[in-house]
Amino acid sequence: MASIEDRRAQFTQYKQDVKSRGKSFYPYAMFHDTVMSLVVVSVIIALACVWYFTSGTDPNTCGGKDSCLLGPRYSEPADPGTTNFVPRPDWYFYFLFYLLRIFKWPNTVILGTVGIPTILLIILIVLPFVDVRRERRLLRRPVALIAAVLVVISMGVLTYKGATAKEALASEVVQAVPTWAQRQGFADDKDAVAGATVFATSGCTACHTYLGTGSSNLGAPDLSAIGKSGQGPNFFSTYVADPSKYGNNVMPKFAALGQTKLHQLGVFLSESKGPK
Amino acid sequence: MTEPQHEDRPHLPGPSLYPIGFAAGVACILVGLIVNPTLIAPIGAAIAIVFGFLWARDATMDYRREPEPIEPERREAPLTAPPIPADRGEAAMPAPEPGERFPRSRFLEASTLGLGAVIGGLVTVPVVGFMVVPAFKGQGYPDVDLGPLDNFPEGKWLITTFYMHPEAGNVSRRTAYIRNNGQLNGEPSFTIISNRCAHLGCPVQPNGPVQPGDKKQVTPGEKGQKVTLVPTIPAGGFGCPCHGGQYDPEGNRTAGPPVRALDRYQYAVVNGHLVLGKPFSVAHVDGEGKNAKIHAYKLAGPGQHIDGWEQILYPIQPPH
Amino acid sequence: MAVAPTRSRKSPRRQKLEAAVNYPLDWLEERSGLIGAVRYFLFRKVPGDTNWFHTLGSATLTAFLVQALTGAILAMYYQPHPATAYQSINHITNDVTLGWLVRGMHKWGASVFIILMFFHMARVFLFGAYKYPRELNWIVGVMLLAVGMLEGFTGYLLPWDQTAYWATVVGINLNGTAPILGPFLADFLRGGAEIGNDTLSRFYSLHMLLIPGLIFALIGLHLYLVVRLGVSSPPWSREAAGGGDYPAAPPSTNGRSGLTQPTARSGWRRNGGES
């Protein structure tokens, strides 16, 4: 804590120092600025070129014909009635996006949406009024240093998690079915493969994980080796049809799938004995 | 002359009714613009102009009186004449002290600031009103004809996509999950769930097989309306692709961040057609299908609590 | 240049040429004082130990100017209506000559602008450059960061593709969860109860006119304060140490341009010739 007189004296001293020993902005400092600006403009143009030349006119060719290193030129036209689109924000909002996924209890939603961003903004605004010491050397400002490191790490982690956050959607999960069949060794069992397809398209992976696919966000168990328990297909199909009969009141009932699909699902689960 | 205000503060204008008349004229313009722009508004304008002119005349009387030819004559009166009373003319005024603020400058200061505020108000009030007010008016949710009841077989879920405002085009495309619950007390019963996630409004997806092969399109109701029906089996309820919210088939939250159940739509059966009404918010649903007990509330935005103690955070909803 | 120190030994021809060049500059200076202002800006003294870290601010400004220019030109081809917006973006990217480059620069310039704002802010924080007397400039910078993010948010909707639409839905509903005023804020942003035709033109106007105007004004204030208060020296400099005991500064040996510095009260002052 430095008194305002001290700080004024320091600033007066700074003014004198600069006046007597400073350098002229032009051209000395401005040279650096100009070089940096050239770098900035070059980077922007380079990004634009890479983005354009690795993408095609059709957003659906991304990942196939075109590599789309920096994403497609545009996605499909906006459709407010969509039932299969997975919304994602621009990268600089990934931290906020992932924050919203972290606060997965209804009472805490407001913390992620307005609470934390508002607190961050207030901290930034009051910072110069809280830290009124004259000290500016970083190593003598341990609180500031630790805060900076923590902010950088958490922003980095949140951004990375946001960028890689995946939803277990039927259309994507179903492509993994042949791999599952091969790794679990039930490729020859028609019922099991059909059951795997039912598993992939019925939203099971919204809560469960299976051989690395799916979401563990909600705390449901991994099912890659559920068949090791030795229970037969019938056990699994009746369990899935109405888990509450087995004391599980968290998992929804899947009786609406119908007997055939439930049976296939049961075969699939009992054949899932872990990858070979 | 019995005007009391001239006795000790010579340059301050006396009380006047002109400002009141001016204000009445402005009020008349505003009322006229709403009620009858062709007749009442011009009358108000005329009143405002006349009173404004009189007010300005009145307010600047002292200022304008200075160069009147009479005063120099007075000033040229013989030196032996008795001093002119302090309330007459300029000559009797003592020379102002340096930096003294005498009434006229104070008046000019006040009127400059006041007129500036009037100009600012005249420009910004309509502009801000134009920007803000329309957002809270109109729109609303019209009834949407979804076509004959035959298209909704009992016990089956249909992903129903339609245009809320067919004339507005794609931007008004909406999706609802509809299930025919069969008859309840002799009336058909439906469950109509909005696909807008109760967390932050992402489009929820059915947790179960979708059968696009059995897609059906009907074009009932208004011109431009097109209703698409795709069967689905949301055995695991509904899931949100953004932040992982999960719902059971009745729309109750089962996991994740959603603050309440999925919104629903009112419905009616008119001439054998299913007609969609206004959406409303649902805290939670007890029971299933046609016997469900729905805890309904006025439509609220996603992420806004409608029950529990958190509802104090959202005491009022904008009018729609 | 009008400001170049005149040497005594010059050929008459060169003197004539200089006079011809100087005339319009002198004319402008006499009537506006602008040349003096530019001179003041360019030849003001900055601490001798400024370094590459101090270029992040001007780099951010460059990125913003790229955004302003490319954005203004994109507006010549873009059509802010839900029925046509997507087609016009498609047209700009695929058909119009160099449209892909200008749109690409605007799209990626936005990311670069945001990154540079964060870098610049991190530099100011780590250098402790927000301290007295630069508190106000820090606050202006925080406002610029917030308004810059808002600019990114409003611009993200304009392509009117799926990504844009749903990111905006979530963004607006985020604001809707603010206590008490949230529902009204969300309606205000949407221009109604639901996203419609008005939402896109509303975002377009915010993105094109209102927010950039605000950013320009804030940048002006930011730069004014930088020039008035001087560039902060790095934290390892003698000035920044803040130990309290300042040995008298050695007399200047390398003073170059003989300009006055702004003192606490003077603000802008033209080259007065003293050093």
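Read from first to last, the chains carry the letters A, B and C; within each, the first residue is number 1.
Here, a residue touches a chain if its C-beta (ideal position, glycine included) is under 8 Å from a C-beta of that chain, and two chains touch if they have at least 3 such contacts.
This structure is a prediction, so every number in the text was calculated from the model and none was measured.
Student: Measuring centre to centre with C-alpha atoms, which chain is farthest from subunit C?
Tutor: B
Student: If you tally the C-beta contacts, which comes out ahead, A-C or B-C?
Tutor: Here the pair linked by more C-beta pairs in contact is A-C.
Student: Give, as an integer number of Å, the spacing between the C-alpha centres of subunit C and subunit B.
Tutor: 34
Student: Can you give the whole-Å distance between the Cα centres of subunit A and subunit C?
Tutor: 31
Student: Return the residues of subunit B touching two or more other chains; collapse runs of consecutive numbers into ranges.
Tutor: Each of 170-172, 200, 202-203, 242, 303, 313 in subunit B touches at least two other chains.
Student: Using the touch rule from the top of the page, what residues of subunit A touch 2 or more other chains?
Tutor: 77-80, 82, 85, 87, 100, 109-110, 113
Student: Could you list which residues of subunit C touch at least two other chains?
Tutor: Only 82, 166, 169-170, 174, 177, 179, 182, 195 qualify.
Student: Looking at the complex, which residues from subunit C come into contact with subunit B?
Tutor: Going by the criterion above, the answer is residues 82-83, 166, 169-170, 172-174, 176-177, 179-180, 182-184, 186-188, 190-198.
Student: For subunit A, which residues count as touching subunit C in their complex?
Tutor: Spelled out, the residues of subunit A in touch with subunit C are 2, 4, 6-8, 10-11, 13-26, 28-30, 32-33, 35-37, 39-41, 43-45, 47-49, 51-52, 57, 59, 70, 73-80, 82, 85, 87-93, 96, 100, 109-110, 113-114, 121, 124-125, 127-129, 131-138, 141, 144, 148, 152.
Student: Report the residues of subunit B in contact with subunit C in the complex, numbered from low to high.
Tutor: My answer: residues 132, 134-136, 138-140, 164-165, 168-172, 200-203, 242, 300-304, 313-318, 320.
Student: Over in the complex, which subunit A residues touch subunit B? Could you list them?
Tutor: 77-87, 97, 100-101, 103-110, 112-113, 167, 169-170, 198, 201-204, 206-207, 215, 217-218, 250, 252-258, 261
Student: For the complex, give me every residue of subunit B touching subunit A.
Tutor: Contact set of subunit B toward subunit A: 159, 161-162, 170-175, 195, 199-200, 202-203, 205-210, 233-237, 239, 241-244, 246, 248-249, 253-260, 303, 305, 310, 313.
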